[in-house]
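Next come two complexes, and both contain chain A; in the first it sits with chain B, in the second with chain C.
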Partner chain A sequence: MEGGLSRANDLRIGKGWWLRVLSSLVVLFLLSPLLLLMFFSFNASRNITSWSGFTLDWYAVAFSDRALWIAVRNSLIIAVASTAASTVLGTLAALALGKYSFRGRALFQSLLHVPIIIPEIIFGISLLALFVFIRMPLGIVSIICAHITFSISFVTLIVLAKVRNFDRNLENACLDLGATRLQAFFHVVLPAISPGIIAGALFAFTLSLDDFVVTFFTAGPGSSTLPLKIYSLIKFGITPAVNAVSTILIVLTASTIIAATLIQTGAQTSRAIRLFSYVLLGVIGIALCAFTLFSPREERVVRLYIFAEYIDQSILTDFQKTYGVKVTQDYTNSNEELLSKLQMGATGYDIIVPTGFMVQIMIREGLIAPLNPRNIPNLEHIDPTFRKLWYDPDGRYSVPYAYGFTGFVYNSSVVTDPVDSWNVMWDERYAGKLLMVDDMREVFAVSYIRLGYPPTDTDPSHLRQALELLMRQKPLLRKYEANLINDLLINGDALIAQDWSGNAFRLNQEHPEFKFVLPKEGCMMFIDNMCIPKKSTHKEEAELFLNFLLRPDVSARNMRKILYAMPNPDARRLLDENLRRDTILFPPVDDLSRYRITHDIGEFTIEMERAWTELRGT
Partner chain B sequence: MRSRLKIREFHVLLFPPLFWLIVFFAVPLLIVLIYSVSYRGTYGGVIPGFTLEHYRHLFDPLYVRVFGRSVLIATINTVLTLTLSYPIAYYMAFATTRVKSVMMFLIILPFWTNFMIRMYSIVTLIGDNGWLNNLFVATGLISRPLHIMNTLIAVFIGFVYWNLPFMVLPIFASLDRMDATLLEASMDLGASRFRTFLNITLPQSLPGVFAGIVFTFVPTMGNFVIPEILGGPNNIMIGNIITDAFTQARNWPFGSAISATLIFVVMVFVVLYLRYIEPVQGTPAAVR
Partner chain C sequence: MILEIRNLTKLYGATTAARDVSLSLEKGEFFCLLGPSGCGKSTILRMIAGFERPDSGQILLNGVPITDLPPYRRDVNTVFQNYALFPNMNVHRNISYGLRIKGIAQMELRTRVEEAIAMVGLGGLEERMPAQLSGGQQQRVALARALVNRPAVLLLDEPMSALDKKIAEQTRTELVELQKRIGITFVFVTHNQTEALAMAHRVAVMKAGVIEQCDEPRGIYERPATRFVAEFIGSMNFFDGTVVATDPDGCTLHVTGDTSVRLQKPSDVTAGDDVVFMIRPERLKMSLVGPQEYENSINGIIRESVYMGETTVYRIELRPGNTVTVHVQNYLPGMTEGFYEPGEEVHLMWSKTSGGVIRA
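Entry: the complex of A and B
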């Protein structure tokens, strides 16, 4: 291989200046997002679009975020294990393909090629279906199996190139001279193809570390990886803390690779550099081992499956200190995802946080267990308006956790007219500066409310009308956005956005010019609840934890942190004046009928889904 | 004696990976296929049975249109990626070993940062008040910020960014394998640089080009994250429909039917690749 084209250099081929310039530009294009994020990990402000001074604070934040490091640890365990296994399996496959021709070879080859190009989502879903089918518990092991599967193909293809270039006569000569097959393999074949194996392993490691979609579907309790954690964090915008972690990882991996390469190139590098490389590799290795092994196992645990940043971390540690029960958490991104996971048979979660309509579905599907009120005496602190609502008429299955509204936010320094109606989301003066949330039910609810129908309406002709109204709105929209609403508003890319109250409140705290409106026509309200899945194995501990959460002082602390209202009047009394009286956080809710609470629409979901696709697909 | 050992060696080599791929890849795909002909549960999941209703559903003009647009976007993206990647792969192939490894390192480096974070970084780069716009306005190159973010252009930037390494590496691999004496012979015999490229280099690189096209085209068809982050209000692709079917609509059989169709398309690509391209690329050097 080496120098195959070196003689071509005499011909001065491939040396044009424009090639150099173009290549540099493309590499710059590839690296610029990385440089940008490394740069911003030192930014003093939370905002990631403007520079406001140097700080190392984000590294301090990153280092002290325990959940983040657990995610990093999981990612590394999975990457190391899946790389090792897939490198072995892939190398075997490459040798089989490179050295032998056999019947069914083409079939075997397609089996190897398809995983590379199949859309990840299909891969993830089909693996999830398998794990459920063979009753394999979801967790780190299932993720490792998934990662091995997609890595094998890459390893095989990379190693195969080397196997083909390997001169078979060398092996034969070795055997003729009396070596055993194993000896020939380890002394002749393996060294010859090792660059391919190393490249393949590197590739597998990289893929595993970066994978989101497949991991998302195959993850279970206690196995959240860094990409999963980051995905759920992005809902609140990327903070420089995430950038800081990324920077640490880039530096760590890059130095590992460089050190490994320096050792490999051997004689060309000076002894000092090689020595340094060995030391560096050793230190990284020891650090990784210590990091992975150091994970104390408690007997009594509660496994929480919850939206990211939806609970104050210090409450978890306090609970552990008080009762000796450890709380772990994994992150969900939507009610539908939660439902699919439970239906797919995901076990091991002890507390989940579904929204009202989902509680109803879960009760009907027999997925959640009734609570024992005697174990949760603090239920008495809950506002009776929020107990025994339509989705759980006896209040046996759920404890209301937090609630909020979907209204809209506007930039009052630009939008000076009085705005109190959804009509503004159809106002042509703000064309291109409007955002709707990327959520089917929320978007259609606004349209239904404007038309004067209840959002739970299931009349197909009303759905048509709602769709037409939204079709008229679409040309004015910047996009349907799920995660970056606040960032787009701050950057000035949007002026008015449909938004959730908690999100809006957070924005308002830092940028007071953004005002939240609960439109006069009405708006959607959601109530999130804490429930215990039927398959929970720590029901007692889970109830203990629920009770702890409802304690007024704990609940108040939690509210201060997550900035969503909780139906706990005793806790609210403990809040500071400005928070307690805030109208975004606590609009008057003496009468819940003023707000539309999301109901499930059953079979009609399919019709709405088609309309939703039509809206965005034409 | 040796041949028996050889067979045993062959079995040791073949069966572990084969077994793994059957259990963790072929069987899952089969399950998806079964889902696609089952009945739908109202709250997700499937009810056993046999129906082709979900496949009939696929011919709804709405989905055909989204599919067509996905193909178009994937095609344009593949052409763009190829145009940018070929020169780099070419440059790398003729460069010194040192430059080769440095370039390789730099091209793989982005993968060590989470995909989402890279995409959001691009948002801050190309937004209306992003770094590029600010830079261009400040240097007087343009008078008003370009509106790129949340348009199809932004989607293409995202896709090209994502696919570049997958295109560059295979092309580089086939160019790097090329026999330099051919080039010398060609030029000694009086062919121009351009003619040498057209008649010698280009044909030799075609297997890599084709591999790159496959690695770029199909994953783009199935991707749903990039149009969601960088696109506008109507940039959904077939991947978004699959995701929605499995989540918001709770219609697993329909999602499976689209998936099965996509798998079929992928299979066609792979069979074509194995039949026409791989044999050329795979010829051992000694024979050639």
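Entry: the complex of A and C
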């Protein structure tokens, strides 16, 4: 069939060395990010840009990380189910469109393009609206339905091209030779359009596997996929464990595609290779099934909606062992996302983890339920400084979970002057070696603090002053950076960088010359809290779990794992000496007045965004 | 009678693919449907094969109505226009497909396929895939694939149109011999008149879904029933005329005004009828000298001559606005003189048995 295309030609067109070089370069360009990712999955350091030796540790980490595998499993279940359904439906639709004319065929065919043309985000939102409207619970099933809706268009269009090219006389020839329509379909039609079907299925599979936007909107409790989890990890930096999982996925996908290609080339390949391909596909299939089978469903559950890797998984397992209540995790990316999910009417989450200012908004919006302190006696272990803060004055709605600061990190082996002030971020001696985080509120907060205004200030003239100050700083900056701060510091591309304490702590553990400073003028602080949404259906279990989390030994274990400070002095006492006394993790906070906790600035955000755009644009 | 078609009509929207088509085929006949492309030949084949349902009319095979049977219940096989070989099966599997579907036992299947392969001369190519075959070989596979089922009637839809001229001509004789040997009734569709005349026992000429004439090749060529048939097959000169007298032998006409033409052929015209007189360009004898042993003659001036190798084609003006075409064999035995030149005045002569009339 394809033989004619690849036949050598006498003019030797397409044989030049430069064409080969060019095509190799194109392939390399396409594949190099993947190869790099696979390469760094064997990197001993957790930073992406520096190589510090070969290790298989990240694979071990990945394999033992149950939460990660649950996300992988969810992704695969969704991909397999939506691929199967959309391939069958899409093929049937293509056959109908290609072979028969009926009323509304043209309309149907143009409608097929809608999911492709329409922005994915609008598609996602409208699906969410639909699911909420028809009261379909959000979860794996809703994601599968969502993926089917867009995959079906792709499958139909790809298969339709094959159906259009299909010579109707081939089918007639079958009938003519005594075959029934069904026999003709399986003997001739299906083989002829199967390359299209396979291509469509592979397309649907990959689309589903890496879809983020639509999944994001239609996901519910217990259905976080790998992309959702990876995106959520950004808060703490992507670890090579994710690279390891991705490598496994790439190998899996690549072998599927290779097997499919081998099968398709048909007569040209030997029987052995084809047999091998079928076996390979079979093994992959069985592996997928095995994934879908482990993890039975429990009756009593607490569903956690939290940043990825923001809680020690073993605590969840222990809780289940002790109380027979299962705890599942779904992953969030931001406070804003959390808010919109709840406002959209998402149900099923039992515990959410908003930052202080978001707690205030959610109380105002009536999205979270008051807690019953009698069910959480371990609240007594919480540092009273952290209770009843401005965002929840009665402490009725939230339990402080973890906190951190935004200060700056400097390389003490190069910067030898004493540095204790934000002034250093404007110091011309370090021009080109300074980093600010790529976060509007954090950047303006520093400027406000230097000017002596509270970061909650909403006076437009103060905003102008803050902008002017930042405009003067900008030429000195290397860049605004969010994800690779540590890497740039290790490389020596930067000497001083605004940074979050958790990030700084990790850097300091591996490279002690990097010191963290909480400037004397003050700095931003965040406190994440645990709350129970009003729509939670397991409030009792959720409170039981909160109480468990606050137990000093559990809290200590959690801190050791996630390396964020928790306002639980009794737990802190149980930590190792070096951790307990670490000043990055636990700066003295007897008086919170030195720290500015991020407020909601409401409508003023728009003004600030305008200023931020102006700053970034010039 | 093996195949009978009665008043078959098929419309596609405003297009008439077949109107009131009736045909009867004898067993062992090589029947040809001839007509320009788009006239409905394939549609008729497809209705016989069962891929298309007629709007009205009946098809009988061996006296049994098959009009409403699905294709797989008709004892008829087809060689498709582009052969429609199964691209995913090799030659052997293509040919054996029909037998496999019918569940013929292995032993018999093998001998019958071998027979069919030998019959069309494809020995040694059994393992090839269709894409690895030449056009001629593909056509043979298609033929063998159909014939191996030993159908009552074989339908062939322009089986030569995809071959180059030389191969097509060679295949023509082979096909005729094959048909004679196996004795299966052929319904052969073509738009190529030479093919139809050379191969068929009988030819039906179609125009826009209607059969204009159904006759033996000689009858079609010599006695075209309509102007369309006359023009479509070979070339023809037409003269408007009037019948002046009839007799049992034939009739006398006046054409191009007052030239008297004697026609000794039975025809159902009566004196006073307006008719069209037709005569083939090669039946006109051209000469510089006057009437010889021919009954009819007319003169004119050569306006154009086109050398065609085998023949030279002259356009001769009889009188202003009235021209005829004459084909003259080059190198006739005994013809030593050169060619006629434009501008010369010539005499055209023909016998009373040449030409024919149709009603105007």
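Descriptive notes on the structure:
Note that in this section the second predicted complex is superposed on the first by the 509 of 618 C-alpha atoms of A that agree within 3 Å, B and C clash if a C-alpha of one lies under 4 Å from a C-alpha of the other, contacts with A are read in each partner's own complex, and residues count from 1 in each chain.
One rule holds in what follows: contacts are C-beta pairs under 8 Å (C-beta built on N, C-alpha and C of every residue); 3 or more make two chains touch, one makes a residue touch a chain.
In this text the structure is predicted, and so the values were computed from the model without any measurement.
Of the two partner chains, chain C is the only one touched by A:His187; chain B is not. Of the two partner chains placed by superposition, only chain C is touched by A:Leu177; chain B is not. In the superposition on chain A, A:Glu365 makes contact with chain B only, not with chain C.
In the superposition on chain A, contact is made by A:Cys145 with chain B only, not with chain C.
In the overlay built on the shared chain, the residue A:Ser23 is in contact with chain B alone; chain C does not reach it. In the superposition on chain A, contact of A:Leu130 is made with chain B only, not with chain C. In the superposition on chain A, contact is made by A:Asp167 with both chain B and chain C. Contacts of A:Arg66 after superposition: neither chain B nor chain C is touched. A simple residue count on chain A separates chain B from chain C, and the partner touching more is B.
Common to the chain B-facing and chain C-facing surfaces of chain A are residues 1, 3-4, 167, 175.
Within the complex formed with chain C, the residues of chain A that make contact are 1, 3-4, 167, 169-170, 172-180, 183, 187-188, 191-192, 266-267. For chain C in complex with chain A, the residues that touch the partner chain are 46, 49-51, 70-72, 76-78, 80-82, 84-88, 90, 97-98, 101-102, 129, 131-132, 145-146, 149.
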